[in-house]
Every structure is written in C-alpha cells, then in structure tokens.
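Let me begin by handing over the structure; questions about it come next.
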Amino acid sequence: EPALIYDLGGKFDKSFNEAAYNGAKKWAEETGGSYKELEMQSEAQREQALRKLAESGANPIVMTGFAFGDTLNTVAPDYPDTKFAIIDMVVDQPNVESVVFTEEQGSYLVGLMAGMASKTGTVGFVGGMDIPLIRKFACGYVQGVKAANPDAKVVQNMTGTTPAAWNDPVKGGEIAKAQISQGADVIYAAAGGTGIGVLQAAADGGILSIGVDSNQNYLHPGQVLTSMLKRVDNAVYDAFKEGADLKPGIKVMSLADDGVGVALDDNNKSLVTPEMLAAVDQAKADIIAGKVTVHDYMSDDSCPVQ
Amino acid sequence: MEKTPKWVDVALIPFLNLLIAFVISGIVVLLIGEDPIKAIKVMVSGALGSPYGWGYTLYYATNFIFTGLAVAVAYHASQFNIGGEGQATLGGLGVALVCLALPWPHWSVALVAAMIGGALFGAAWAAIPAWLQAKRGSHIVITTIMFNFIGASLLNYMLVNVLRPRGAMDPATARFARETYLPTFHDLPVIGQFFSKSVPANISFFIALLACWLVWILIWRTKLGFEIRAYGRSESAARYAGISPVKVIMVAMLISGGLAGLMAINNVMGQGHRLVLNSVEGAGFIGIAVALMGRNHPVGVFLAAILFGFLYQGGGELALETTIPRELITVIQALVILFTGAFDNMLRAPIESFFVARANARKEA
Amino acid sequence: MDFGTIVEILDSAVRLGTPLLLACLAGLFSERAGIFDIGLEGKMLMAAFFSGAVAAVTGSAWLGLLAGVGGSMSLAMVHGLASITFRGNQLISGVAVNFLASGFTVLIAQSWFQQGGRTPQLSGHARFEPITLPGASAVKDVPVIGPLYSNLISGHTILVYVAFAMVPLTWWVLFRTRFGLRLRAVGENPESVDTAGVSVIRLRYTAVAITGVLAGLAGTYLATGLAAGFVKEMTAGRGYIALAALIFAKWRPVPALGATMLFGLLEAISNRYPNIDLGVVTLPIQFMQAVPYILTVVILAGFIGKAIPPRAGGQPYVKER
Amino acid sequence: MVDVQANEAGRQATAALATQAPAIELKGISKAFGTVQANKDISIRVMPGTIHGIIGENGAGKSTLMSILYGFYKADAGEIWIKGQRTQIPDSQAAISAGIGMVFQHFKLVQNFTVLENIILGAEDGALLRPSLAKARKELKRLAEEYELNVDPDELIEELSVGHQQRVEILKALYRQADILILDEPTGVLTPAEADHLFRILDNLRKEGKTIILITHKLREIMEITDTVSVMRRGEMTATVKTAETSPEQLAELMVGRKVLLNVTKTPAQPGKTVLEVENLRVVDEDRVERLKGINLTIRAGEILGIAGVAGNGQSELLEVLGGFAKGTGTIRINGEEIDLTGKHSDGQSRRRRGISHVPEDRHHLGLILDFAAWENMIFGYHKDAAYQKNAFIMDNAGIVKHTQEAMERFDVRPPIPTLPAKSFSGGNQQKIVLAREIERSPALLLVGQPTRGVDIGAIEFIHKRIVELRDEGAAILLVSVELDEIRSLSDRIAVMFDGQIMGERLPEETDEKELGLMMAGVVN
C-alpha cells in the first residue's frame, strides 16, 4: 500500500500539495487501490510521520516538499526495504527516488504570457518562503517577461522566511494589493496556499494573475491568465504505479517530459490571444530543442536578470 | 471548613473533571459523524499497542513532564507561567548551540553541557518577565505570553539568518554530530528489547523522572521550597516572616524556565538531532494542563504527563487511521484545562458542601 | 517613498488594524468589567470559522456574520460561566478557550468541508465587498485629498467602518451612560455595585456578551472581509496583539484606536519591506513582527507611563468566603 | 416586585401609625458559613427615631446580621419585618427600596470615581448620566447643608481622607432616601475629631426621625449616643436593654458571658538594662504619607510598654518597622547595637536573628499561612534555624512535627494535631500557635499587636499570663492594643500614640481612662 505525506501547506492548498493529492486520487481511481496519507502539523513531526508510515508497512512512501530532505536522509537507512520518493529535493540514499522539476522553464513560459498580457509594462511575482527553489521560479519568470518585453518591470516579493509563508492568504492578498498599487497588472503567485490570497486580491483589483503547480484557472474564471503547471500529480501517480519497484535515483521532470507547462482551458480561453499561444508554442519548441536555455537559479544561486 | 477528605481533592475531583472532559470530547467526535468507541480503540492501540506506540507515548510524556513541572514550580510561588512554550523554545536554542559548538567526544559529556545550555537559556527567557513582576509589578501572565511570541521571532531569526547551514533551504540547524545522539530506549540494556529501533524515547525520560524527584525535594523538603510555598500561599505573611518576594519570584521563575528549557534535551538532542522551527509543538501549553491535572505535585504531574503523552500519540494515530483530525487532541486538552482549571468549582462547591453538611450532621448527632 | 505608496501602506494598515481594533474593543468591555480575557484569539478564530463556513454554505456574508458572532458568543459564555458563575481562574479559562477554538474549528471544518480544515473559497455575496464612498471616483485625481479619500478612506468593507464607529460609541457608552458607569464600577470594585443594589453577575455577563459580539465581528472580518474564507489558525496571534494593544492603550477606547492602528501599520510595513535598512543596522522582519509584543512589555514594565488595569480585574467576585 | 409594592404600602401605613410599629424587627435569623454558625436564631426590634447600638466581641456575628438585613447575605432562616410589614430582602436593591442604607466597615466606594459618580451609582435616573449627575449635585448640596456633610462632589475618592469617605457613604444612603441607617464600626478608623463630628451628624439624623443602628466595640460610644443597646455573643443575641438603664460593667459582662476580671495578676516589674532604644523613627508609606513622625522610646528588660491609641495612628507602622517589613529612617538599637532599617538586613528574618519576635496584629494575613499545617506555621520565619535542618539541603520535617506537637501541648492548643491546617483551628487556638512560635525562643524583645483580638475569654487569660511570664523571664515587651483595658492591665508603662507621634507616657496606676482618652484624641500631653 503506498502512502503520501503532504507538507505544511496542507492537502487542499489548491496548489502544490493538492497536485500531489490529485495524482494519488487518479491512481486510486484507476487501480481501485487504497493509499495512506498524512498531513503535517509542525516541523518537528516530519520524522514521526515518516516512521509511522514506514512502520505501518506502507511502500512506497511519497512526500512533497524539500523540507523532508534532511529527515528522510536519516530515516531512510532505517527502513532499507521501503522505497521513498521525495519531490523537490535530492536525497542520496539507495532506497530513495528524488523527483525534481525544471520550474524555471515553466515559469519562463508564464512570464512570456505575462509580459505580453501586461498593459502597464509592470508585472508582479509573489513567492512563498524565501528559498532558492522559489527564486528559481522567480528567475525563470523574469526571463520570460523580458523575452516578451525587454523594458518590463517585475515587482518581486517573498511572503516570509518560514514554512508559514506557504499558508498565509491574508498576507498574500496584502502583498498583491501593494504590487497592484505599484502598477502591476499581472501577478504570478508561486506561494502554495498563500497564492489563494494573491489570486483573490488580483481578481478583486481587476487585474490578471497566474496560478502555480495545479491548474488554478478555475478559481477566478476569466481573471487568471494561466497557471504554471508542475506535474507533481504525475510524479506521485508514477511513483504509486511503480509501487515497490520504484527506481531510486534522481528523476528530472522537464518541459520535454511534460513535467512542467502552462494551463489552457475554458476558464482562460478569452484571455489568451492567438499571438500568446504562438509565442508559447515557439518558446516551448525552442527550449526543448535547446535553442533557448532558461537559466536555473539554483545552478549558481544567482539570476542574470531582475 | 476543612471537612472534605483529602482523597476527594486529589483524586475524586480531578477524576470527575477528566471524565467530563472526555465525555464532551466523545460528543464532539459523535458530532463530526465518527464513532467515539472506535476512536478510543485506535488511540489505545496506537499509543499503547506496540513498542513503537509506547516509545512515542513516553517520548511525548517526557516533554510534558518537564513543562508540567515548570508550570507547577512557578505555581507554588503563585506565578502563573504560561511562557513555557517560549522558554522551551529558547532551551532548544541553548541545546542546539551547545551540541554544535564543540566536537563532543561522548554523549554523556554533551548531555551535561546541553542540560546546562538548555536550562540556562530557558531560565534566561523566564528571567525578564520574573524581574518585571518582582520589581515593577508587571503581570507575569501577560509578559510571559508576550515572551512566547518574542521567543518565536528570535528563534525564527536565528534559524533563518544565523544557524541555517549554507545552501540549506529549510530554516533548521545542521544535524548534530552522531556522538551527541542520546541513547534511545532501544539502546538501553534490558528494557531495550521492548522497544523498536525507531522509538524516540530516550534517556531524557529518566532525567525527567529525576527532575520530578528533585522538584519534590525542593518544594517540600528544603528551606527554599518552604519559602516558595509560603510566599505562594500568602504574600503578606511571607513578607512578615522576612521572605523576600523578589527572591522567591526570581528563583521560582528561573527554576521554572530552566525546567522548561531542559525539555530540549529530549526533543532537540534526543529526537530531532537538529533544531527546527516550532520544535516545542505546544508542549509548553500542554504543561499547563498537566500541572492543573496533577495538582502541581510531581507525582501528579508525572501521571498527567503520561496521560497526555498517550493522548498525543494516540491522537496522531487517529489522524492516520481514521478521518478524525489530529486537532481532536487540542480539543481534549482544552476541555481538560477548562474543567480541571476554570470550572473546578462546578463540582467542587457541591461536593464540598455535601461533606460540610455531613460534618454538621455528625456534630448534631 | 512617494505619496501614493504612503497612502497605500496606510490603507493596508487600516485593513490589518481593523480586526485588532474590534478585538481590542472587545477586550476592553470585558476587562473594564473586571474579567480578564486572554481568550480573544480563540473567540476571533471561532468567529472566523463560523462566518466563513456559513457564508460559504449560504452565500450570504450577513448570515456568515450572524454565525460568526454566534460562534464567538458561545465561547464568551464559556468564559463567563467559568469566571462569573463558577468563580474560576480567568486566565486559565482564557487559555482553555483559545485551545478549544483552535481544535474545534479544524475538527468541524474538516467534517463539514473535507478540505483540510479550510472552508471553501468565498466569492460574490459571501464576502463583504468594499464600499465606494460617494464621490470617491470623482475626487480621485485631486492631489493629496484625492488619493486620501478615494484610497484610504473609501473602499473598505462595512466592517471597517463599523469598527471605526465603535470607537466613539464605546467611549460614549463607557463614560456617558448609566451602563458604562456601572460597568466601570464593577471592574474597579464589584462590592460597590452590589451594595448599590445592582447585580454584579448580570453586569459582568452583559460585558462578556458585548465582548463576544465584538470579537465575533473581528473574526468575521478576517474570514469574510480581509480574506476569502477560513483557513486554520488564521487569526495567527492577532488576539494576543489586540490584548497587547489594550494594555498599550491603558484600557481606553481612543488610545485603543491609536494602538491597533500602530500595530496594523507595523504589519503593513513589514509586509512591504521585510528587512528595513536603517544604515547602521538592518531590522530583520522577525524584529518587526515582535515589535508589538516588545512594546507591550515595555509598557507593562512601567518605563513609559504605568498601565494600571481595572482594580478588580482577574478576581472572581466572591461574597461569602 | 410584589414585595417592593407591599413595602411601599407598608411605608405609608407606618407613617400613619407612627410610633407603634418597630422600624425593624428581625425574627429568628440564622446564618451559617460552612461549619461556622455566625448567627443563631436572632430576634431584635428597633424603634423608629432611635439610635440602637449593637455590641459584641470580634466574630460575634454583628456584621453578618447587618449584612443579612441589607440583603448582602441571605439568611438560612428567619423573618425580616420593616415598619410592621413582613419584607423579603433577597438583595441590596430590596433593602434600598425598603429604605435601608448601610455604611460598611470596609467602605464600598470606587476609588477612582468622583464623589458624585459614587453617589449616583445604582441610583441613576435614566440611561444617560448627565441628568443624574446634575440632580445629584443639587441634592448633595442640600444634604450637606442639612446634616453638616460637606464633601467636594468632584473630588476623587482616593484623594479623600477616611472620614470624608465615610461621609460619602452616609450621603449615598441619604441620597437613596434611607430612613434606616446601619453603621458598622464607624469610628474604628476615625480620628477623635472625626468621630465627634460623626456623632453630631447621627444626632441630627435622629432628630429628623431617622432610625440608626450603630455597631461598635466601644462601650463609651454606646453610653454616649444610643437609646437602646443589644449585646451579641458567639452568634447569639444575649440581651437588649435601654442604655439609660445599664452600665458599661453590665454590658461587658453580657458580652463575654461572665463577670470580667480584666485586671491581670502580676508582680511589679523589675526592669533591667535597656533593650530597645528608638530615636526619631520615621516611616513614609507607599502613598508618601508620613505615618510615623519621629518616634522616641525605650524599653528595658523585664518590662511591658503598652501603646494605646485609636487604630490608624501609626501603631501598625511602628510594629511593622520594628518587625522588619516596613522601611523607615532614624535609629533603632537592640541591646546597644544599631539595626539596619532600610538595607539588606531590614527583613523579618534578620530581626528574628537579633532576638526580636513579633506577634502581628493581623494573624490571618501576617501571622499565619492558613493553608499551611500547624507544624509549618510553627517554624514560619524561623525556618532557616539550624535546629530545623537535617543537613545542608533538607529540612528535618519529622523533627519539626515532633517539636510542634510538644509546643502545642505546652500552649494548650486544641486539638494538638500538628498536621492540621491552620485554618481549621479556632481564632484563639490560632493565636496560641503564633504565640508559641514567637515566645518559645525567649526573645530579647517581643512585639505584640492585638494579642487577644477575636479570642475567647479563656484564651485571653492564658495569653495574658504567658506575656507576663515572658516579661518576668527578662524580655522587653512592646504591646499594641486598641483595647484600653488590656493596655491598662498588662502594661508597666503606657505610651499614647496620636497621628504618628507619642503624645506622652503614663504609669498605669497614675492615670485613668479619661486622661488616656484625651491623649488618644490628641488633646493633652
């Protein structure tokens, strides 16, 4: 029986963790199997959560979020017969699969759309917790925006420095309002549950927003430009499907593997112009073909553009 | 007026209060469409049904013994210390700094140093509210609440800006060296066979027991304890007897903060092996419930801590095995505090008047 | 920093200060009547949940408001029962109320909505919409006055205006009415009220009920005005900050407005500028977040004027030993 | 509601009947607090237009009875008749409607309210304050003129002297149109001048036809102003007599239940060397009021110096500063050595180490910890003595219990059970525990405040005997008591305190009650 542990944002953050949940749900619906799941209440519970599931015989155990990295590194050796999969972090253990995404590529695409959709020439970025991973989102996004409009300005804010930053919609909304007052007319939220507040404030303020991880276009139909899809659901689904035969090692999910992408559906149909579509398709092809490289912030802890 | 037998006060009333708290919790479980009987079964088997369960129950109980004693000691000096959470947080910082500071040769040496570090930091965090209460009359309840928040901010700052290793993403310290890991129950002779490798319960548990005993000695067998209790029962009489209120408040609160800080040898040094945000997980507040239930006596605190360890571990299992969220424990905790603390008179008044009536009747006869 | 930014920050301060203000005035009624209330946090949380839940289900923010006030009121009555009827320890009761709310809201939210302790996202009439005051768009472009009126003063939800109106109202009730006189007296010396033939118990329950209503408004504003739905622990310590503001304001309504807006401003600033560079030192965001608490301790220490709480505060009224 | 109306009707009816019906009639009132029977089947009649005194020892149940009449407590049994009408008084509101006003021993005023606000509290007209305040201001002016009750209506209570605060309490009652006024020990806190003023006011009220119940311990006051007097003892009403037909001696006998022999048998003092020297001792209290204004006195070994005075003239402060829990300035020498008055060693334990023992005035708040067991109370303040320690860390609890048992037997504490909490002993036995603790160590100087307050007559004799014995063993003793008889019979010398100063010293055999009374009033020295 496989198991899934969500990070602090919680299962229904409509974003990162919810994507994982959707993957598990899809697996359960397709195979008719059952799985265990756990939500974290605090930092200190990570170890007990892992052990609890390992003791209960769950296999494989999938966990969402880089924050499990350190704990998994110490727990995994105690359960050599159990397979673990961790998303967003590399853990070097013989029974661990590490799934990472090329978020910079997906963010580049939504940045491109934001740059094209912006009338003021100013767009915003609201990150969750201030960590290299989120800067990676920001950097890819800025590169995309500049590709569409080299003169565009990107207002960037992070919500906080602790995991609480993943789940603070009130603060997200306040930051978005501030960005609106600074002229932003498209805001990209890469902040888990906090993003709900960002999208809400953007909708209230009559501007566009961009969701993250899951398809969030439906939250405010006609007001969410698009969502940067990070197929955490696929990662979970794959891991569940492989079951005990899960292959340890690093698994990169990139644009080429459909690991990241942009969300297009009825909800944002009216917002996405044919030119945008064409530009996105072109960029996608270029990136896959290697004609365009999107800089990865985490490769050198810096971003060439601001 | 003293006509109620002692067993009524120390056993019957707490038991009835606890019973009410549980019955109401059961009703809440029913309300959310779950089966309370099944919930109890899951909790019992999850907390007591396996070496793993026992291990975690005792691990949590260890935390609660420390924080419960902390509340109790302060209470004897009539100080309501609700700053256990912040003091334990700072204790964690102290323990982590000690563990990271030197390449410790052996856990025993590291433990002694870490105990000093944890207790000192915890005591320091209690010292300011204590001093303000003693010297300036600032209400200690409010200042300790404020210090919980200030402590959380301080830890946040330390983890994010100072102690986080380079390149790490989560706000946590580096892992401590293996040498500082405390022996867990599994590693101990004899009892080791009853516990699996993964249990976090460690020798801190025995230090907690030792602390119970020492607190008992302190409060009921030493001059200092006599002064603390005297001041706690009657400030004016204590002043008449030449007992310095400043000294009693300071000493009691420093001991209280030190005990709360000591908790960190269990959760930080014994279990986490690194300091993370919110490593205290509310144990400081649970200490209030534990002290109230345990009638501020170390034996009572010990028993109540075991009970709460059980609730905490069993509640965690509930979340895994059923759809009842872990927050059920918070509700039970709240009800225990409510009924054993704030609603104490609800049962006490009628029970006492029953015994007074009986005494009067006897006198007539 | 240009004028627009300042107005924007002040606007944000008003929004963030409003729940603090309502909660602070809530605490004021209770504490002025001699009932210490460290359970403001719990009452707000309870109100946030019930308002969010009922608004989500019915689609009406007003029904949500009613439910929010009801939720808060139920905890207020628990506190009243403990502190007035059973003459228990008011601080312990407050602690219990906070935990009760913290656990209960998530338990019920999970059972009703299965969204991990949240309510569904609110939209449309399920939320309190901003109100554009007359002429706001007309004067928008007038320098200084324009942004001040159209951004800062106009464009808040009804609860913000209610909160501000509560300040003079509270002052008037407290200092100009019979009820206020008795309320203040019962917090200073309940025997004076009792021997004057007025029921201490009824007065105190009334005060506690008013606290319930105001804390209910505070929580409702959080879930249906400031945010769009309930998430667990969404009060995030605001009840304690309100308590801090109450002490800071020395239990007076007008200074309460000042204190809560100051704390709202601090939050607004730290949202915008996580680290404030003062040249010599950089104030980290954690410091900014701790400032309300630090200020309160300083006030309590009596270094900046002494905060003397109502004299009978915290003690149950016991006639017979 | 019904009661109030019936009562209105009753009021009119009595106006017609005038002198016939008693203003107040209590029938068979009983009240218990837990196991304490504070009032037992009490009946009393008070005629309108008279001042009725009630006397009785501490704890006799006087305050309880009046609180029942005022609806503050609820009687367990009994009836209340007001002006010939059976009246239910479930709360103070009902008492007020029945025309009863009460001035409590401890004033029930809001300290940070103005006089006016206190007056209208609970008697406001309408929901808004402004009209009520205006009306009260006018009414206050009228009452002030009519009864010599001047107070500034806009002053805060906390700024007023005790005497003025009491006037506010009386005004409160009159403002509510009380025609029955109860005063509980009104003169205990007053200066003699204030007391005289009060009696003038009471006399005026009587002339206006008001009925007054006056509770006091002072026989002199009873004889001076009352028309009739009732005596209470241990919760029971022992007698009601016309003042004109009784004497202080008879009243005293009725109070304690037998002929009072207040004179203690003792041999003349044999004073030895000087033990205590006090020079220019001053104490300033928290409110920066000077409570001791330069006290000078000496006590020699083997003599008892009695301090007489009206309560509140600095006697408490004198004991506190000598006992080490108030700070002061000046010089205090014990056996020639100066002691620390403000610094590190100015606390109770240091004083005890210097041989100063202290039986405090208020045993409930100072002398005992009511929740502590007798054995804990027996070492309280001396708990650091080497004799009570097992080793450097641990106290010798078993030894202390044993020692306590012996001391309890020696001092005839009943029951002699060391593990019983102090609160379960009766007042006299509690006092014996305190005395045992403080006397047993043969102190060089014993400070005693109100040694027999609330103590029954048997215990009083026992306590007096032990104090005299201690003197004969060579201790210097400073005795403070509000009971003039106790001072006169125990002391070898008497000093009278007034307004923080010693008015003068007298030998007991060379003075009389009248002279002392005048000195206590600050008139002669």
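First chain written, first letter: the chains are A, B, C and D, and each begins at residue 1.
The rule we apply is simple: contacts are C-beta pairs under 8 Å (C-beta built on N, C-alpha and C of every residue); 3 or more make two chains touch, one makes a residue touch a chain.
A quick map from chain label to UniProt name: B, C = Sugar ABC transporter permease; D = Heme ABC transporter ATP-binding protein.
Values in this document were obtained by computation on a predicted structure and should not be read as measured data.
With A-B and B-C as the two chain pairs, more C-beta contacts join B-C.
For the pair chain A and chain B, the distance between C-alpha centroids works out to 39 Å.
Averaged C-alpha coordinates put the centre of chain B at 30 Å from the centre of chain C.
We define each chain's centre as the mean of its Cα atoms; on that basis chain A and chain C are separated by 35 Å.
Averaged C-alpha coordinates give centres for chain A and chain D that are 77 Å from one another. Annotation for chain C: residues 117, 286 touch two or more other chains.
In chain B, the residues that reach two or more other chains under the touch definition are 156, 160. Of all possible chain pairings, those that touch are A-B, A-C, B-C, B-D, C-D.
The residues of chain C lying in touch with chain A in their complex are 4-5, 8-9, 11-12, 15-16, 115-118, 121, 123, 130, 222, 226-229, 231-232, 234, 236, 268, 271-272, 274, 285-286.
By the touch rule above, chain B contacts chain D in their complex via residues 1-3, 217, 220-223, 226-227, 229-230, 233-234, 236-244, 356, 359-360, 363. Residues 38, 78, 81-83, 86-93, 95-100, 102-104, 106-108, 110-111, 117, 237, 240, 243-244, 247, 284, 286-287, 289-290, 293-294, 296-297, 300-302, 309 of chain C are the ones touching chain B in the complex. Within the complex formed with chain D, the residues of chain C that make contact are 175-182, 184-185, 188-189, 191-199, 311, 319-321. Remark: chain B residues 50, 52, 56, 156, 160, 167-172, 175, 196-198, 200, 267, 271-274, 276-281, 316-317, 319-320, 326 touch chain A in the complex.
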